[in-house]
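You will see chain A twice below: alongside chain B first, and alongside chain C after that.
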Partner chain A sequence: MNAPVLVEFKDVEKRFGDTVAVEAMDLQIRKGEFLAIMGSSGCGKTTTLRMLAGLEQPSAGQILLDGKRVDTLRPEERDTPLVWQSLALFPFLSVVENVEFGLKMRGVDKVARRERAMDWLGRLDIAEFASRSVDQLSGGQRQRVALARALVTTPEILLLDEPLSALDANLVVRMQGVLSKLQKDLGITFVYVTHSQSEAFAMADRIVVMSNGRVEQIGTPEEIYREPATRFVAEFIGTNNIVSGSVTSVDDRHTTIQGDGVTLTATNGSTALRVGASATAVVSADSVRLNAAPSDAVNQANQIVGTLVSEAFVGSVVTLLLETPAGEFRVQTRQRDLAQINLEHGAKIALSFTPEDVFLLPDTREGG
Partner chain B sequence: MSDRSRASDSAISTWFLRLYVLVVFAFVFAPIIASFVFSFNSDRFPTIPLGSFTTKWYETIFADTDVWDAFARSLTVAAITAVISTTIGFCTAYTDFRYRFRGKGFYLGLALLPPTVPLVIMGLAMLALLSRINMSGQVYSIVISHVVLCSPFAMAICRLRLSQMDPSLEAAAWNLGASQWQAMKTVIIPFCKPAIIAALCLTAAVSFDEFAVAWFVSGLNKTIPVMILEILQGNVDPQINAIGSFVFAISISLVVVAQILVMTRDDKGRKS
Partner chain C sequence: MSFALPGLLWQLLFFVFPMMFLIALSFWLVKNYRMVPGFESVNWVKMYTRGYFWDAYFYTLMLAAISTVVTSILAFPCAYALAFKASPTVRRWAMFLLIIPFFTSYLVRAYSWQIFLGNEGIFNGLFSVFGFGPYKMLHTMFGTMVGYLTLCLPLVVVLQLLSLANVDKNLVEAAWNLGCGRVRTIFQVIVPLAKVGLVVAATFCFILSFGDFVSPYYLGGSKPPTLSILIIDTTKSGQQWPRAAVVAITMIVTLMIVAFSAVTYAYARRTRQ
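Moving on, here comes the complex of A and B:
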């Protein structure tokens, strides 16, 4: 966990004219970790990656790689290969020539570089396509060529810019497996930019969530999921239920907040809240229990009665959408746990959760 | 209306359309075909009915050293012009592709301007300028003028090709350790190769055919088109038909090669 730092962003800022793409970025990337940078489009994640590769110059701040300043170096002077969103394979070269490219530029002789390129094609199970032209390959195979081309120089770090965005869903899952295994086998650092939570959560050791050029949170997938640092992060993780309210009571173990017609009690977290302060409660969709509501069920602490609006089955997991006084609530559960519950639209269902499953965020929007 | 009459209606319009296309092509190519046919006709004047088949006119021009000189000069000028104007055109197109700068619209407008100037005006202006600096009447005067005329065509072709390129391709080369020059040599030029060859062919064809500007600046160094006009001014000679057919064959092959290379656009770079 506490591996040495490989890359360090020190107060990095990037402006394009008047627009700020990245600001006040302090980020440490450790040796051998799989770091995902996640955010919606235009949040600055790709700019961050491009600055690391030297394709953009920071407007202010420093970037260090292995303790040495790299932000002043030209792209070809750093060993930070990138797997492009478009893959950017050279269409006029064969598969093996594409893979050899990096070695050729480094002056490795013909025999040695062919051997190393073939070795990488073999490791990625595409040796049989070596002499093919790139456009004769399928999407997944091209992906592997791009990986081999980037890894052939055995770099310490590999940058990936949404490399799976063009693949269909099945292939994405398979390539995630390939990437995870590759990263573990090689033990090198992967920096993976994506807008997809499922990709980030499936592969990353740590996730950086960005919004509007700023880092919202850095943490393990577990932390991002269970303890979002800001309301933005909580909302970005699409499976969270969010209730705004104000603190009504605080004791040494629990904090209670009152929202629109609902009361939620949470176990105290690291941030102490005062009575009267506004706060946001986050309840993840998979920690909500369902009970068919008896006709006299009422809203009480950590129980909300909702009306079923829709349900969606994905394999064995069901996502229910309910209308409650506190807005829409999303509940994820296993299909077999729904046996005794009436799933007719409009049915009343009581939702409950333990104080441990309620995560409270101080509301910074009103304070600052 | 019954289905049958509707079907026959569309059959009629299809035939009409085919006929129309045929007439248009006939109209365009008839003079060239006529010139080609008469170049093998034994009669002194182009009249119908035709006389007998002969290769006499071709023999005459092949025996004429003036024709050979002009022909060699035209080829030399075309070759040099093609190389220089393609180089300039490619560099201009790459500048446009790679850089964003102030006054870029003006720069592009200026680069594409020459073909919009009427050829007679261009020839006159070239003569005025070149004679003032004592550079008119030489073979290189024709080359200079033709480069001005041809570069925009080369630029347009290279620009089209570059617009089909995934812009990350060049950055990918840098990312893999290529310097700017290496990336140019190993990525940009190979990607643009079809366009570069097409530009060479097309600019050579334009230069080889060009008459008006060459007539002004060539002095005694006549190119083939200039020579054809001079023969015509003297008398009506079926040699013209022979030379014309010959020149046409060369130009059209250059243009066809260029066209084939431009049309074989692949979106490989963009897609992958």
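Moving on, here comes the complex of A and C:
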């Protein structure tokens, strides 16, 4: 997609005293896209969002919204509504008064703003609670009130700061659906800050992975998953297996690296590696195959024998954790494919994967 | 039940019993400067039919109301700045400094204002340097107000600060985020959130001002008299303790009504529109 740019961060930096929260941030957010900013706590993702809303001033750099500089504007002078992690609903106002708030501030008259607020409550299926007080609602209902309150002024962009983190698991999935549909129907830009991969992967068109105040990678969920730009990103995606090694041979189709007790051959990617260079191989857990009986030919490339340590069932998907000479390996597979495998702890299981499933990235000794 | 017993006993001994005595006293008689127990309504009738009693009553109500409004308004910017603008260190020191006035007797503090407010006082001395004055400040309502502020301002700032410091900063930011300007946010969001503390602070100010006699006596010159001065005058002239009891009971009932209404208002849930 090549929609026009709505938001642009130009070399933005934010310091709090001696601490650098965000640095060298260059980011373009396109009109109508669902962008997730993902990272662990303290990585600068929330600060980035707050700078966009005007709740923090950048220490250096510029932020443009629709081509105009906004980093010098006060929060109330921007149209960048935010959905707070704590939701920040006004407890002294009723549900419908909360939703009306933004319209009231814009001087919309009483009848019109009540009508628009009720319309939004209806769209989010909570019209029946309009005159209730906020603390009489359930978590999911309050979530919808916060969304309605932010969207009632029909902004071009909606900012969300971990809005689902307080909800229980099945409600999270439901709200993900609500958010995705809302974003598609409205066609406005969503910027969604989260520490949860599953939320980012489920909803986002593009994901920004941040660590220590820096952008590690910007890409589609597919790119983040299959082609991590840095070791940090590869590790952050918890289902990746990572093997460090050095390059032993390079031909026109494949690159081979030698790690501890395993040889990996990968299809050449965009980055060319030299023989002798150190590199990191990434194999995602769902591309590893299980072979019941360990063959003697384990010295072949892309094969390794592991000892089963534990397994976790989540619905129909099983994650096995194995101890191998190259470190821990995770294997994700469907439960029905496990029929012929001995699942006793301590059992030896042979693992294999194809060169297409091995992704190599050069060791830059940075970030991770 | 047994746990509640001491509390109940104290309540009886130090509150209910003196109140009963005060009520009984208001029905006694004074003969030849001596109190005679009895049950006569004459004190109530005499006080409640006198114009000067009601003049004093409404004057006292007015003074306390003005004091409450002026103190609350003066205290708010200070409490707001300490709650939202000051660093934690500054806030801690400010809180400490606000407690210091209570080290010294209020009587001494009010009395010392005479040196500043008198016709030959420090303020008029300063004004005369610039060719102004002298202005009559001592023994006026202005003097009384200065005394009430001395009494109430530090306490009201502390109480307001405590309630403002508990305001959820996310809600303030949420208001800005939804297009609410700085000043408007104070009235639309911060004041409603801190309502209970602000009302309780104002109530304390009203109660202290309503019952105070030091400021109207030393700085207001007793004219016109407030209810507290009326009590002093009544007891001094002819040992009329029973009539003073009538005034006292009226004051207590008034404060009970005010305090109850204030607390009810503070905790009132907003009704549906």
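As a convention for this text, the second predicted complex is superposed on the first by the 360 of 368 C-alpha atoms of A that agree within 3 Å, B and C clash if a C-alpha of one lies under 4 Å from a C-alpha of the other, contacts with A are read in each partner's own complex, and residues count from 1 in each chain.
Here is the rule we go by: contacts are C-beta pairs under 8 Å (C-beta built on N, C-alpha and C of every residue); 3 or more make two chains touch, one makes a residue touch a chain.
All of these numbers come straight from a predicted model, not from anything done at the bench.
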item	value
Superposition on chain A - do chain B and chain C clash or fit	clash
Touching partner for A:Leu320 - first (chain B), second (chain C), both, neither	neither
Touched partner set for A:Val134, first chain B, second chain C, both or neither	first
Which superposed partner A:Ala204 touches (first chain B, second chain C, both, neither)	neither
Touched partner set for A:Gly102, first chain B, second chain C, both or neither	both
First (chain B), second (chain C), both or neither touched by A:Arg142	first
Partner chain in contact with A:Ala279 - chain B first, chain C second, else both or neither	neither
Touched partner set for A:Ser94, first chain B, second chain C, both or neither	second
Overlapping contact positions on chain A, where the chain C interface meets the chain B interface	53-55, 74-76, 79-82, 84, 86, 88, 90-93, 101-102, 105-106, 149-150, 153
Residue numbers on chain A that touch chain B, as the complex places them	53-55, 74-76, 79-82, 84-93, 101-102, 104-106, 134-135, 142, 149-150, 153
Residues on chain A engaged by chain C in the complex (per definition of touch)	53-55, 74-76, 79-82, 84, 86, 88, 90-94, 97, 101-102, 105-106, 131, 133, 149-150, 153
Residue ranges of chain C in contact with chain A within the complex	168, 170-171, 173-182, 184, 189, 192-193, 195, 269-270, 272-273
Partner chain A, residues of chain B touching it in the complex	166, 168-169, 171-179, 182, 186-187, 190-191, 193, 266, 268-269, 271-272
